[in-house]
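In the two assemblies presented below, chain A is common to both, partnered first by chain B and then by chain C.
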Partner chain A sequence: MKNPFESFHQVGGRKREIPLDKILQSKEETLSKILNGYEHLLKNEAKDLVWLMQYSTVIKAYSIAEKGLEGIEYTAEDIEEFCYALDRSDQIPYLITGPAGVYISALCNYAKEEEITLHLRDLNVKVNLTGYRLPPNKKLIVEGNVGDFTGIGLDGGELIIEGSGKNYTGAGMKRGKIIVRHNLGFNTGHGMTGGEIIVGGRIKGLGKIVGGKIFEREHLVFPNEGVKPFYF
Partner chain B sequence: MDIEKTIQKVWPKVRRKHLFPQIPLPKVIEGGEEVALEIKSKQLLISNSFFEKLKDVMEGEEIVEAILDHGITHYMYCPWDFHTHLTLYNEAKKVVRKKDLAQRATTCFMDVVADTYCVKGKDTKIPNLYKNLHKTGIHEVLTSLYEKIWGVNLGSRGHDERINRLSRIPYLERKKWEESIKKFTKVIQDILEEELENEQESPQRRPNPLGEHSLDNYSLEEIDRGLREFASAVEDLQEFKETVEDLKEELEEQGYATGGMGRGRGNPIDANLLYYMKLAESYTLPIRKLPIEKMGDLHPHSHMPWEIGKPFADIDIWTSFGKIIPGITQIWKKREGETFGELEGTPDCLIIIDSSGSMINPRERLSYAVLGAACACNAYLKNESRVAIYNFSDALRGNKIILDFNHEKERIYQAICRYFGGGTALDLEDTQYLLSRADNPDIFIITDMQITNLEKLIEFFNQIQNRVTAVHLGHNVHSTRFKEGTEKRKNISLFNVKEKEDNPKIILGKIKEYLSSTSEWG
Partner chain C sequence: MKDGYYQERIRGVYDYISNNLYLNRPDIEVKGEHFNSAIMFGLLTCLNGGKELIIGEPGLGKTTSAEYVGSILYRYPLGVIWGSEVSGHPEQTEEKIIGRPDLGELNQGKEKVVWSNFAQIPVKVVDEINRLPETKQSMILNGVDRGNWEYLNEILINDEYCLFATANYQDRGTNTIIAPLIDRFDFLVESRHPGPNIAFTIGKEARLNHPLRHPQSEKELHQVLRGNKPHEEKMALAEEICDLYGEYMKENLGVEGLNKEERRKVKEEMMGISFDLDANAFVRMVLAELSFCHRYGQKRSVEACEEGCHYTGYLCHHIKNCASNRLPISVRNYSQALAWFLEDDEVDLEHIRLAIPYTLAHRIQWKDSYLSKKEGEGRNDPFQIYLAKEATEEIFQRYNEQREYLLEALAVGNKAFIGEEISPLDGDHPIYEEIKKDIGAKDEKSL
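After this line comes the complex of A and B, so read on.
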């Protein structure tokens, strides 16, 4: 007996592969590799879901992050996807903003692009340590607000925050530029030795600053007569 | 070949390709050169001018086939229904905050989804069509995107960074559409803003060549169903309100009013009322009918053998073969009849709703009290009973609405949604007055029980015989007191509503004696 639906086989079932399929597949694979690197970092550095923000722990976490990223090819869009994946608890078992920030910084520092824009306005968490050790010839633009310790140890790069930051922004930075469109919190520029921090809004408080320049609403607030360099 | 003949030739093939969608034969309109397609309540209308213009560079059959593929895929895949359209619009609006921009972003997104679906799964001429359409502004960007994600040369260049971002969106994953349209809108937002700005300077607008997506695409029934689903899906009242306010003019033009569908212009749409109306339609509350009464008359029920001594009058001569012999002759066994008596069916209902300061303002956030009252109202109106409303806060100071028994849904909803704030006291004389206006009506009261004269209310309920469904929101000492005070009364049922999903658990007019011993109290 003839199958009455036979003539429909050609009509309904044919689905050809289009480049979109490959793009999405490659995106998923890259994201999965980046997530694996992050989980590796957490296993090493935050076993008990606790991570103490110290000079030595940041350096150690960064070196683990660097190793985790070896061999992964990614773009700025992948970094952005990772940030949003962090925000969704169903994809990542736990989000600890310190290691996450170190890892995102490593991702940015090792990205192929010289200029990276991260559209993070819709992110619910504020990532700490964004722009850590941003090297020369790198420009990182973050659309949205960031957390504490933004741009610490900045090493010649240009970090632009299209939003506000919190405390200890630019702490220990050596050279380069941090531009913040809105406001910053306490201890801004604590221990910085060089470079510039330019803030469009208000700064709640400056830290103990060794060198460099800080501008608040186009006025030089460090160095000036009221705030002298601090010698550790 | 002219367009009509081309459509007649191509239509069977296109229908078969899309597995015979239930849409009528497309029609031809004169239309403009710029826009190929209009869709009105499932009717595809193809512009003759557009067809004639494009015929110089493309085969007539290919043009018609591509346009029909596009139109049918909107019907078959994206947006599919009005609810999906509203949801996508709502998400786009969250990004751009402007109605015009959100509408354009939604149209673009739906076009990308529909066309990509078609290109991936069907043998279509859509790419050829795009190759020959104008490419400026957002359409240039979209054509570049198609080039990248379909892998065909459409003669468009540029926008690399933007296209990189757009090409990473999973357009064919329906579950991710809400997230996807947000990403999509963010990437194209600046182009749309620029276009809008330019149009404000010079009013000439380059329309979407494959047509805009407006409410014209949907029938009133689809709009009604879409709004109902949308009311259940949105996170809060404000979201619903914002979207409905945006589309208010179009809805009214379509003939849609707060009271629902209908011909002619109805009352202006009140988004708040509409929200509670649509949400309440998702919850059906059952009403227990009043118990049936024995009528006392006997009627023939079944046969039994006749015995000597039994009345001759009951003999059924037809089944007895005309003989009167014990064992052969059959008599009718009679039973007492049952009827609904005078109180047949569902009585009218008096809804008493508390709108004091301790209750949520229904025009700001989802009020469970209003939703509960709305569900009760729907349940009684559906049974063709009348509903009266007593909405009160400090009734003794005049903060009250007394609406007599009637069938007018919109008036009833207006009375339910009124919010007074302030203190909480019932004027029992008002209640007695309303009860006297109908024949033994049911009472549905919804409150947090923080009523100043609660004792008087308990006393009052203990005196009356009407069925009372009392719903309290949250637990407190007052609700416990009410429960204790009315515990012995079989005509009073008490329910607690903590969240909107608790509403369907309420059985209106439930009387305790009809329930099992494990009846749910409190």
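After this line comes the complex of A and C, so read on.
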């Protein structure tokens, strides 16, 4: 008699794998690679758990972050996942918001997507330096509040903060646009040379601004008669 | 020939019919695409040489959908299809359906059969089959099943054919279709009402001539079919006329049917499509539930299964009859045809889940208690198709729960079958019992 089970001869030993398992496994692998890159950055830049926010340290941290991300395939969801990992001490042994922000900015700048939305309303940490060097043709939308130095050195991209920011937002930005739905802190636009900062709420104080435009509640607050460009 | 060449043409036929001839809503979805079941399954019936029973209210396009599909795909002008149709009525005779003696020859003492057009052409349409009295339904059993038509001492064998039969819902003039005849149908489809908005547009553009009519070809084909030549020669001549009609359709209607050789190639391509393991195992699970009886060894329509059986929750407890061997053949043919049409490499669960209810609906005899329990449930399909769809999804749910274990049980079955010392797997489904029977691990009860 013909074997009616012949087509199942290869079944033995095969493990069942449902698509969700595969997706979760791949997500975990990606997050682990991203976390490794971040740890590498901390080991180089914040050995004593101290990180001094200076122009040169940001540039150096960014270049280390760039190297750490080489060869990692990730999506906007993975960036969001990393942001939430910053909140969990089991995954991030020590959090320093400066390098974390530089690292997140590098992640966003090198992501494949042209438009990235980070849903960070439930994030307890306020990440600094979000949107650092955001290049042209990139749009980063952050749902939630951000920390200091948001959008510094913005390089043509569009940064939208669906919440409030703190001090030094848009400092040193060259071109592009920062839109903040609610309020900003002191020294907004300090040293910026171009681009636009549009704030839906209040700005506590402007920095020394060289160029560009700043709007507060649809009113142009820089340049205007009261605030003239500053020449360093 | 590039991949998908024939599929593209068949999609062209589908589009032409659905846009111009049979206006109706899409009512089935497979792999993200929506189709109208009457046209879609009609095409698959033509392509795989199947037998389809179309049910529906009078005037909802049961016969016309079959005529259009058959006419375009086989490239027979509509007039010939009409002239070959058999209509079911109490006075119908074998002479009108199959053939009659050649009276001229008979006068000279010779017996010769004049075959009916219905018996000769490959597209067969039986209109209102359930108006044929039950005693006369037996006349077409063999023809429906195998394409063998016998009259006097002669036999005509169709090497290729498809058959459509239409049936109205039960009324005073209808009869029950006898079990052996209904089992010979592969598929049951409903030709549904298109809804008031589409219905309003039907017949809006009055036509003097039907686009599928072609009087010249029809006349020539009738002459060929009436002629004295042997059947094979007649069919070869008919194919030449069909070629011309095919050209006419291509030029004037922008639609291309398939010639005999192309139909053969398509059939070959379909038959070459294999089942993936899930589809394979799922069909086995369905067949197990439709044929298994814990107490009597298998389902038999004359034996009622007992109350309180361990397998009360399975379909075997709700049905009276046993699945015939024609069922897996129908499932195989139609799911392969569907996979082919969708240009898939293998038959998978989605093809199977779509095809199975339509192959089961007319074949299952449900117990009255089950019917009365389900009767009041809200639904979109005719009761038979609804029950079959529900049954398929119920088994599919069980399959999902047991998939891994079942595949392992079948793999163990394979090892045991080829002589390996291995114990079969126990499980809570009739299929595990059936695997044991096949590998001789469970003795059949002594008779």
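We take it that the second predicted complex is superposed on the first by the 217 of 232 C-alpha atoms of A that agree within 3 Å, B and C clash if a C-alpha of one lies under 4 Å from a C-alpha of the other, contacts with A are read in each partner's own complex, and residues count from 1 in each chain.
Operating definition for what follows: a residue touches a chain if its C-beta (ideal position, glycine included) is under 8 Å from a C-beta of that chain, and two chains touch if they have at least 3 such contacts.
Worth saying up front: this structure is predicted, and the values here are computed from it rather than measured.
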**Request:** Please work out whether A:P19 is in contact with chain B alone, chain C alone, both, or neither, and reply first, second, both or neither.
**Result:** first
**Item:** First (chain B), second (chain C), both or neither touched by A:H119
**Value:** first
**Prompt:** For A:T75, is the partner it touches chain B (first), chain C (second), both, or none of the two (neither)?
**Reply:** first
**chain A: partner with more touched residues, chain B or chain C** = B
**Request:** Considering only touches as defined above, state whether A:F5 meets chain B (first), chain C (second), both or neither.
**Result:** second
**Fill in**
Interface residues of chain A shared by chain B and chain C, listed 8, 11-12, 14, 16
**Prompt:** Taking the complex as given, what residues does chain C use to touch chain A?
**Reply:** 275, 277, 280-281, 403-404, 407-408, 410-415, 417-418, 435, 438
**Asked** Across the complex, what residues on chain A touch chain B?
**Response** 8, 11-12, 14-16, 18-20, 23-24, 27, 75, 77, 81, 119, 122
**Prompt:** Once bound in the complex, which stretches of chain B touch chain A?
**Reply:** 16-17, 19, 116, 119-123, 148-151, 164-165, 167-168, 170-172, 182, 186
**Asked** Within the complex, which stretch of chain A touches chain C?
**Response** 3-12, 14, 16
